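Chains: A, B and C, in written order; residue numbering restarts at 1 for each.
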Amino acid sequence: MGGLGRARRLVRPPFVAITLIVAGWWVLSLGQPRYVLPSPPEVLSRFWELTVTGGELWTALGLSMAALLIGGALAFAIGVPLGILMGSNRRVEQVAGPYVNAFYVSPVSALTVLFVYAFGIGLEPRIATVFVFCAPVIILTCLRGARETPRTMVEVARVFGASSAQVFLKTVVPHSVPYIVTATRLGLGRAIKGTVLAELVVSITGLGEMLSGFAHHFDTASLMATIFFLLILGQLLTSLLERFEVAVTPWRQLA
Amino acid sequence: MSDPSPKIVVDHVTKIYRTRKRRDTFLGRFLPDLRPTIRELKAVDDVSLEITTGDFVAIIGPSGCGKTTVLRMMDGLIFPDSGEVRVNGTPVLGPRAECGFIFQDFGLYPWRTVIDNVAFGPELRGVPRNVRYELARKHIDLVGLKGFETSFPHQLSGGMQQRVGIARMLSAEPEIMLMDEPFGALDALTRRTMQFELIRILAAEGSATSVFVTHDLDEAILLADKVVIMSARPGRVKEIVNIPFARSERGEALLETSMFAELRHHLWLGVHAEQPL
Amino acid sequence: MKARLASLAVVIGVWWWLSLGASSLGLPGPVQVVDALGRLMSSGRLMSALSVTLGSFAAGGTLAIVIGVPLGIFMGVRRSVGLAIDPVLTALYVMPFSAVIPLFVLWFGIDEMVRLAFIFTFTVPQVAIVCYQGAKSTPTTLVEVAKTYLATERQIFWKVILPYEVPFIFTSLRLGVGLAIQAMVVAELLIQSVRGLGFLLQFASAAFDLATVLGVILFIMLLGAGAVAVMQRIETSVAPWREGISADGGGSNV
């Protein structure tokens, strides 16, 4: 029991899954030409070159950052107040809600064509793409935070003679804080998706340029290395923000 | 009370809960945890009990004293780390047909109507539909839910939901009824009603062996023949109090007698000493 | 309802006013857009493009559901399998999906196959994750009740876990349909095709026919939102016991 328990502790299930996936990939790659499916070591060595020895991916990421940060910041600056307002005022929610929801569920990537039409192929259409990708999720998450403020909290404030402005500032807004942090995490994920899409559809720069360039030259190993880079980047940022979420709101029970 | 072959024997039972805390970080999901933090919690420490056929036993004690743990071990839902639980002379290795169990949060299937919930036990045994429905109807009538056969649980009040729970247990025709704070989730008035209802229902069903866990002293005295007081964690048997009332005496009037008040005071002193802040 | 209609009227009114007053923007008005869309429909171009696009959508989406739902349930029932696969699915789900398109084009070419593969890979993690969470969250009491009535493993699965899972399956279908449509549009935009909706968009855009571009975009977005709304309706109408269970993964998951 002890030995088995120890073995189980050492080998985590996700580790097993990833080992199996890599092994399967390796076996598959044996019978294929390199431009179709390179083997894991080849991709790994390209990954090393692109991130450590050469560092092209970091440069590309830097180029992508502008659209990501500006679009994301805009969505945050507009989305958080709008979401809280919608959550605390039924009227506003009734009027704006359907549009936000529609943008949330509909394929907003179709709008990129329109952005190119309106703004050309510079930075602006990419900012707009990032914005429409992440604003709805930020608005809707903040809306939930404000709307789910327990009635008793509001009533306690009223009993102590709080004005409506005080009720809003002392109960609704603090109750929304964890949701704002969650909204940032979800928004960031969507923003990365929007950035990459914009760089493939709108104007070919940054990471998008890397991707399409490698594909163009049938450099599949580099292409896969870039995809893994994005995959790890998304995971790292998400888990970082998850930790931040816990650190910022110590009073919240982990759900 | 000195039956040579007790129905349920809890024999020097100890139970320790272990929880391993995991670092839930990105890398922690993939990498092995070399020095895991393990928390151990001794819930039950060397508990021995004997319950004879036809007995109605209540287990009381402060919250977290392991009274539910003891009950769950009697039905083989969990197993002791050391010691043994025997029912009808054989060790408990898992849930068995002789035992029925009532859960504090009812445990009704929200997608099943009342009658399908009540007929659940026979259904699992492969009893044909009309037979098990007849059995279920009988018990639905007994618990006073006639007319609600096709309702869904969420359409019923808490008291009615637990009536369904009782009917479901009775439909499986158990020899032993194990009840885990059966009325703990109900409001005080409904709880009192349900206590008298349970007395009525059990009287109609004939005498089965019953064990129930509660933290309601009145409930324990009103229903049980014996009250087991357990100490705070780790749970040990502190005292066993005999309740001298006959089955026929158990009713509204009993609550007002000085005997009842004395017993309640006695139990209160026993539990109060163990009650943490 | 009144407020919503009023706000819709205001939005359309402002659009109209913009298209009339500030004609320097070159913004076509609602009438022109509807007109362009009408012409596309009557000429049959919209329908033929739509049928091409929807074909891969239906195939990829169906495949994602057929594989994702059982996979998720299996993960929930066999806990170690769930623990093993969950991080992989989550990683796929968080990843910017359009990045794999160049790779998929290398592998599958530019025909129906690549769209199908893309829609499938993009949709399957979400479907499986929702079903996994549903199966995993089956209340222990419900399982224990079955155990006290001596249910076999098989009976616990069919009579407890699966019925409890039903609302989650419908949630996963709704989210899956939404994602599959998004994937479909991304595929249309990024893979050069000669017949689908994406081509229609690029063609109109190249011809500076903004009315058609707007019309097609509006059409696509309404199609997506409408499909999700229909799924939502189905989701809430199914399972009368639902009030007892909350299976909403919609808000925080996307």
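In the analysis below, a contact is a pair of C-beta atoms (placed from the backbone, for glycine too) under 8 Å apart; a residue touches a chain by one contact, two chains touch by 3 or more.
All of these numbers come straight from a predicted model, not from anything done at the bench.
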Checklist entry - What chain pair shows the greatest number of contacts? => result A-C
Item to check | Chain separated most widely from subunit A, comparing mean CA positions | outcome: B
Next on the checklist: How many angstrom lie between the centres of subunit B and subunit C, each centre taken as the mean Cα position?
Outcome noted: 47
Checklist entry - Counting in whole Å, what is the centre-to-centre distance of subunit A and subunit C, each centre being its mean C-alpha position? => result 18
Checklist outcome for this item: Within subunit A, the set of residues that touch 2 or more other chains is 12, 14, 18, 235
Checklist entry - Where does subunit C touch two or more other chains at once, residue-wise? => result 87
Checklist entry - Which parts of subunit B, given as residue numbers and ranges, touch two or more other chains? => result 29-30
Next on the checklist: Applying the document's contact rule, which stretches of subunit C touch subunit A when the two form their complex?
Outcome noted: 3-4, 6-7, 11, 80-81, 83-88, 90-92, 94-103, 105-107, 178, 181-182, 184-186, 189-190, 201-202, 205, 210, 213-214, 216-217, 220-225, 228-229, 251-252, 254
Item to check | Of all residues in subunit B, those that touch subunit C in their complex | outcome: 29-30, 75, 77, 94-97, 99-101, 103, 105, 107, 109-112, 120-121, 123-125, 152-154, 172
Checklist outcome for this item: Listed in rising order, subunit C residues that touch subunit B in their complex are 87, 139, 141-142, 144-151, 155, 159-160, 163-164, 166, 239-241, 243-245
Item to check | List of subunit A residues in touch with subunit C within their complex | outcome: 12-14, 16-18, 21, 35-37, 91, 94-96, 98-99, 101-102, 104-114, 116-117, 137, 140-141, 144, 182, 186, 189-190, 192-193, 195-197, 200-201, 207, 211-212, 214-215, 218, 220, 223-224, 226-227, 230-231, 234-235, 238
